[in-house]
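Some structures to go through are shown next.
Here come two complexes built around chain A, the first alongside chain B, the second alongside chain C.
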Partner chain A sequence: MRRSVQDIYENATDFLRTFGAFQLFFLRLLRFSPGILVSRFDLVVKQVYNTGALSLVIVMVCGLFVGAVLALQAYSNMSMFNAEDWTGVAAAFALVKELGPVMTAILFAGRAGTALTSEIGLMKATDQLSAMEMMAVNPVRRVLVPRFLGGVIAMPLLAAIFSGIGLFGAHLIGVELFQVDVGSFWQQIQLTLDIDDINEGIIKSVVFGVAASLIAVWEGYNTVPTAEGVGRATTRTVVITAIAVLVFDFMITAAMI
Partner chain B sequence: MLASHSSNGILARLAGLFCYSTAPQPTQIRSTLNHHSENLIEVRDLKFSRGHRRIFDGLSLNIRRGEVAALMGPSGTGKTTLLRLITRQLIPEQGAIYIEGVDIATLSQAELYLLRQRFGMLFQNGALLTDLSVFENVAFPLREHTKLSNRLIRHIVLTKLHAVGLRGAADMMPAELSGGMARRVALARAMVMDPDILIYDEPFVGLDPISLGVIVRLVRRMNDALGITSIIVSHDVEEVATVADRSFLLSDGKVAASGSPDELRTANSDLVRQFMHGMADGPVAFHYDAPDYAEQLLGRDSE
Partner chain C sequence: MRQTRSVEIGTGLFVLLGMSSLFFLTTQTTGGDDFKAESVYTVEARFENVGSLRQRAPVTMSGVTIGRVTDVAFDPVALEAVVHFVVDAQFDRIPDDTDASILTSGILGSQYIGLQAGGSDMYLEDGSEILFTQSAIVLENLIGKFLVSSGGSDKESD
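Let's look at the complex of A and B:
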């Protein structure tokens, strides 16, 4: 009994210590961000390419099929009430406010987040970060901040592309397959979806971008510098990001309703 | 009192995160380190542990200005750890390390980085940045710390690569290099800023005889021509003997013996004799602590 109480106490203090270190790490990234954006924007652009452009295919393919599935589901339910014209609206709301940011963040964690974590973890395991320290170059500033900023910039863009392609997928199903009137399909979306809905999607994708990028670079920087350690850190990146994204999604949705 | 003190500390730390510190200029840090004693590096009563294992237990040594000093010793005696402590990649539990009379534990991060600009370090595995070409790896410190023109950077980098025989490999990526080539590129990178102190961690491992001879002569020639101080960690007794002015033999967390390679070779100590002549029998056990061999093979050790 005493042993289990002690274990709980130690786990709790470990968690608090890690959480505190995580927050300080975030503040360090924020501290260096303005300087990197101004003086080394080339490094950020390269990371936007690595995390964003290289994730485009997976995001576009998934967006197309998610939009198509939403349209299928919406049409089959709406048609029971002769409200087929609302197929596009249902798909648009789901994509712009929820599935666009959430699915993109989870795909981002799986594609770009894991790449960031394993790259930084391997740099640590092969002494590249120590070598930078010895060359009087701060690895947090030179390696982590550009990757963090690249992810933060890329995520909202990817979410927008996901939603756009998703709407195209919904159009293919609703208009081309089920012959919903194209004018009604798009006009209902235009009339119903307002700027607050789009803002909600943008806010979510920015928050998810910060969370996913932060978790990826944190896990990479704190990885145990072995092959097994890098593998575990990569797995943790996906798991923690997925949980964090869903928790933040709930909180933001609750706050904005 | 204690609470207010610690909360002030936290506030100061948080404030420090957001305030751009007014980093001292190179001239400032150099003037604080302008200490003209014979010893460039002084290690005093150093204590350091990893987990429950004590690595250093009161280690003291001095490295003189302008010499090539070798740190030697059996595996696991903490030679690389000592290098990391000297460069403040690790912090000692007790004791102090002075560079030009300044306790490096007291330096701020900005001062530490200015000090490190005077260091060049060759890591055991080279530690080349894998996303940059050989040329860009060597140019990396110049691009980060200077505003030299691309033309001048190209001139300096090609000069350094030529010194290690790899000018022709400038456009290759680190993944295309052999282990020995990667270490030679790392050596070029370590000396590209013309440092005052060059640190080599196992520089002779994996080099073919020709490269080995060239690198040994290069280490010695650079040290003498540029007036720098070199610290070499190596197991290679023969090569160290040709290049080092003094060697320190580490054992049991302390300096077991020091002196010129000839002095060590003729020393009376059993430990020194065992190490210098590569003998299996002596104070340093070849086998790690283990139960009786026969008992373990027969499975009786767990009974």
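Let's look at the complex of A and C:
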């Protein structure tokens, strides 16, 4: 009995400690960010390429199919009310406000986040980070901050590409396949969608970008330096990012309504 | 050297694509503001009931958007709704006995102001007021009236 109470106590303090360390880590990254943006922008560009440009294919293909399936669903339901013209509106709202940022963040965690975690984790396992410290190079500043910033910059752009391609997919299904009038399809979108809706999507994608990059970098930096540890850290990146993104999504949506 | 070059080209392409998507989303999918005027004049109209008429609702004449509602307020003295809207200054020959009515686009669409030209020689100008107005048709009232009248006719036929 006493053992279990003590276990609970220790687990709780451990959790709090990890959580606090995570926040401090975030502040540390933020503190170095302006300096890196100015002095070593080339490192950030390299990471924008790694996380953003290399995720383009998966984001575009997924965006196309998500947009298309949204249009399919919207059309089959709207046609019950003879409101086929609203197919585009349904797809556009879902894409711009929800699925664009959320799906991109989850794809981002799978494609770029895991790469970041395993890269940093392997650097740690092979003592490269310690070697940097020996050479008086701060690994947080030199390795982690550019990767974090690269993800933060890439994520909103990826989400915008996802939504844009998704709308194209919705157009293919709605206009080309189901013969919804092209004029009313797009005009209905233009009349219904407001700049605030786009802004909501952008805010979400920025928040998700920070969350996904931060979690990926944190998990990499705190990897248990073994082969098994790197594998576990990579898994945790995807799991934690997915949960964080969906929780944040709910909170932002609730706040913006 | 070659490697940095391809990285830079890839990044540039990616950022360009992202920015153009953002641009597309913000400009092409929103607004639908088919009303852009260099100079405008403001006209006032009073309605008994504006329904769900809101700011930025279009003002049309013969189905063409010529203006936009700037504000909808309530006059506490006259107990009626006061609507101000702007009209593109190039349409400066609208008769001042023009009739304004609040219409609905489609059954469930948004409401807008439709102007029906009058026959006067005087034209609307900045600050003038439209005297002939027709309130919004509130669907609930219409259904209510329809139910009452159909109930009444049933009794008469008995």
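Going forward, the second predicted complex is superposed on the first by the 257 of 257 C-alpha atoms of A that agree within 3 Å, B and C clash if a C-alpha of one lies under 4 Å from a C-alpha of the other, contacts with A are read in each partner's own complex, and residues count from 1 in each chain.
Here is the rule we use: contacts are C-beta pairs under 8 Å (C-beta built on N, C-alpha and C of every residue); 3 or more make two chains touch, one makes a residue touch a chain.
It should be emphasised that the depicted structure is a prediction, and the values quoted were computed from it without experimental measurement.
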item	value
Contacts of A:Glu133 with chain B and chain C, given as first, second, both or neither	first
Touched partner set for A:Ala254, first chain B, second chain C, both or neither	neither
Chain B versus chain C as contact partner of A:Val5, first or second or both or neither	neither
Partner chain in contact with A:Met80 - chain B first, chain C second, else both or neither	neither
Which superposed partner A:Ala92 touches (first chain B, second chain C, both, neither)	second
Which of chain B and chain C A:Arg142 touches, first, second, both or neither	first
First, second, both or neither for A:Val38, with chain B first and chain C second	neither
Partner, of chain C and chain B, that touches more residues belonging to chain A	C
Interfacial residue positions of chain B with respect to chain A in the complex	14, 17-18, 20, 87, 89, 113-114, 116-117, 119, 121, 123-125, 127-130, 140-141, 144-145, 186, 189, 193
Chain B contact footprint on chain A (complex, rising order)	24, 27-28, 30-31, 35, 122-123, 126-128, 130-138, 142
Parts of chain A lying in touch with chain C, wherever the complex brings them together	45-46, 48-49, 52-54, 56, 92, 96, 154, 156-158, 160-161, 163-165, 167, 187, 189-191, 193-195, 197-198, 201-202
Chain C - residues contacting chain A, complex	7-8, 10-11, 13-15, 17-22, 24-26, 28-32, 110
